[in-house]
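Next, two complexes with chain A in common: one pairs it with chain B, the other with chain C.
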Partner chain A sequence: MDVFDQIRDALKEILDIEPENITPETYIIRDLDAESIDLMELSVELNEKFGIEIIDDRIFLRTVRLHLNEAEKYKKEAADVLKNEYPFLGVDRIQEILKDLDGGPVLKMKDLVSYIECEAD
Partner chain B sequence: MTRRVVITSVGVISSLGFSQDEIIENLKQGSTSFKQPSFDREVVVSPVKGFNIKNFTGRFKDARYLNRGATFCVAAAANAIRKADLSDEMQEKAGLFVGSGPNFDIGGEFPEVHNGDLTKNKQAALWILKFLPNTAASVIAKYANIHGENTTIGTACSASLQAIGDAFRKIKDGYLDLAFAGGGDSRINSGGILAYKKARALYTGEEKAKSASRPFDENRNGFVPGEGGAFFLLEDLEHAKKRKAPIFAEVCGFGCSIDGHNMTAPHPYGIWAEKAVRSAIKEADILPSEIDVVSTHGTGTLLNDAMESAMIESVFEEHKPEIIALKSWIGHLASSCGAVELAICLSLMKNNYLPEIRNLANACNRNISFVRKPKSESIKTMLIENFGFGGQNSTLIIKDY
Partner chain C sequence: MDRIEIKTELKDFMLIDAVKDIDSKSILGAKTFFFDPVFIGIETLAQLAAMHVRHITDFTKHAFLLKVKYFSAREAVLNGLHELSGKLLNHSSDSYSYELSGKNNNDVLFSAKLIIGTTSYNDHLRQEELVGYYKKVFSCLQNA
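For the complex of A and B:
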């Protein structure tokens, strides 16, 4: 089973949902209504499944807004700051996130996959 | 004017069935679930079969934080809430009173413990919730958007009847118009069995599984653990009339006391249990002679049944109410026994039916009137008794409405 399937199965168990509707583009919080305690459970589960350390703030993109505020304060390029904080995200994904901030929490299924693949290497 | 309190919704999950009709049917057919569990062939249990909480709640992620007892509690509550059909506004204001017991399933929760090290076990991040007594209440409140006065009560085997009694008082005294009350429990796991076995409260022996639970029999030798849950909507009578709610019965008296005598055994003369019975009778403003049926705690332990039968003899001097013992049918449901026994009593009242005390061959007391054969009889007023470890006593009086 690849990384995507394993994360999808974990979400299915934790959120008690049908896994068929989950794609790489699915928003974890906006679409699946995951709450903070669900992400805590997911973190424990991913740690268990993949044997890697999960840093919750990082994998769940929890502090994106904090970093953007800092970028503004110190007059740095937003994309550079995010790339520094989230090295597992590609340049294109970071641009996507910057355009998507008004819609709510940006975390998508594909971000979780990127984190796991990057850490597992 | 004193407010009157009625029961306007019932949700029940028991080894005799998941609805009041199914329960009556199984009582009449004598069909029970007693069997020896796979993990201990010396004891007998009465499990609930074919239960899945999702059949009552639909998909719902918080189920992962419920121990088995709490799943019965939440499922029964979900059922009672759905049937109550309250407006969102009424539901929001409703109270919530839950009787709850400890999670003894240590072996199931921590299958690998070596030298006291728990970290080898695969646990949910919030496994703590499976051990907190108020998790069921918290889940029910979130599930149904209930926000009124509430309590989770942990008074051992008298807990859920006490929760119902407290809900009754809150409505009677005008603090609430509506309150959901009940409980759910299961001790059918290796930890639960070990706990009561060590306390010498459990049936052990060679009897056939179906003969093990024998309340008030000379040869009784301990209780048989059961499982399940029940929940009720209690409501101010005028409030219920105004919204044309179905009325199952009136709750008219509650009594409660604590022995202060022994950590597990009841007071041998039941003086404080009797006080609880008498205060329920007083609150109901009736005479003992008006009570048609006593649903006993009747565990099948030597001490409880000796105390309880003597106490009943002392309360009812001339008039002899019919004495039933529902644990001979469903086993002992620990903290949820009162709720499930109340649910069964409501079915009995509706159907004017009294089931016999199973396995009662030689009664331990000849001066009270045990139901030995099933009877069809008009039932107007019932007294329900539950007593728990720690000397906890709860009694409730219900009337046909």
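For the complex of A and C:
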């Protein structure tokens, strides 16, 4: 079973949802209505499944707006700051996030997969 | 403003009598029950696990019961001296998963898998009050 399938199974159990409609583009909070306590449970499940260090703020992109505010304050490039804070995200994904901020929490299924694969390497 | 008093009949709602041993992965404690309902066993194990989390995070975070993954008990009422044990299974930066049990005469009478969450102190969970309180409680339990 690959990383995506294992994360999807964990979400299925925690959120009590049918997993068929979960794709890499699914928003974890916007689409699946996951709450902060659900993500806390997910993080410990991911540690159990993959045996890697899980830093909640990082994997769940919790502090994106904080970093963007700092970038603005210190006149740094937003994309550079996010790349530094979230090295598991690709350049294209960071640009996507920067265009998507008005819609709400940006965390997608594919971000969780990227974090796991990056930490496992 | 109306004031609501909740009478648990439990002094400070601290259910652990003693912490016998503790390291980075496990904690051993003790509790004497007096014909208590079994749900008190869940809270006792949650307090044991939360105490372990506070210890290994050097009391830098507030710990709380996030989820009961499972709980089983052989009796509906708990009575007598029980040895409590907790083993840290997995954790992330903010959450900790434990396997815990309560034994009487080496007989496991209740067991659970619990997830303990942590959060930063804030205006409601005041660091200056809670850190001192939990450090004092922990010290008393180790010396009990």
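One rule holds for everything that comes next: the second predicted complex is superposed on the first by the 121 of 121 C-alpha atoms of A that agree within 3 Å, B and C clash if a C-alpha of one lies under 4 Å from a C-alpha of the other, contacts with A are read in each partner's own complex, and residues count from 1 in each chain.
Keep in mind that, in the parts below, a residue touches a chain if its C-beta (ideal position, glycine included) is under 8 Å from a C-beta of that chain, and two chains touch if they have at least 3 such contacts.
As the structure is a prediction and not an experimental result, all values here were calculated from the model.
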Let's test your reading of the overlay: on chain A, do chain B and chain C clash or fit side by side?
clash
So in the superposed three-chain picture, is A:Gln95 touching just chain B, just chain C, both, or none of them (first/second/both/neither)?
neither
When the two structures are overlaid on chain A, which partner does A:Thr23 contact: first (chain B), second (chain C), both, or neither?
neither
A:Leu46 in the overlay: touching chain B, chain C, both, or neither? Say first, second, both or neither.
second
So in the superposed three-chain picture, is A:Leu15 touching just chain B, just chain C, both, or none of them (first/second/both/neither)?
first
Between chain B (first) and chain C (second), which does A:Ile54 come into contact with in this model arrangement: first, second, both, or neither?
second
Which residues form the common part of the chain A surface touched by chain B and by chain C?
37, 40-41, 43-44, 48
Name, in rising order, each residue of chain A that touches chain B in their complex.
13-17, 37-38, 40-41, 43-44, 48
Residue ranges of chain B in contact with chain A within the complex:
54, 59-61, 63-64, 122-126
Residues of chain A touching chain C in the complex
37, 40-41, 43-44, 46-48, 53-57
Residue ranges of chain C in contact with chain A within the complex:
66-67, 89-97, 115, 117
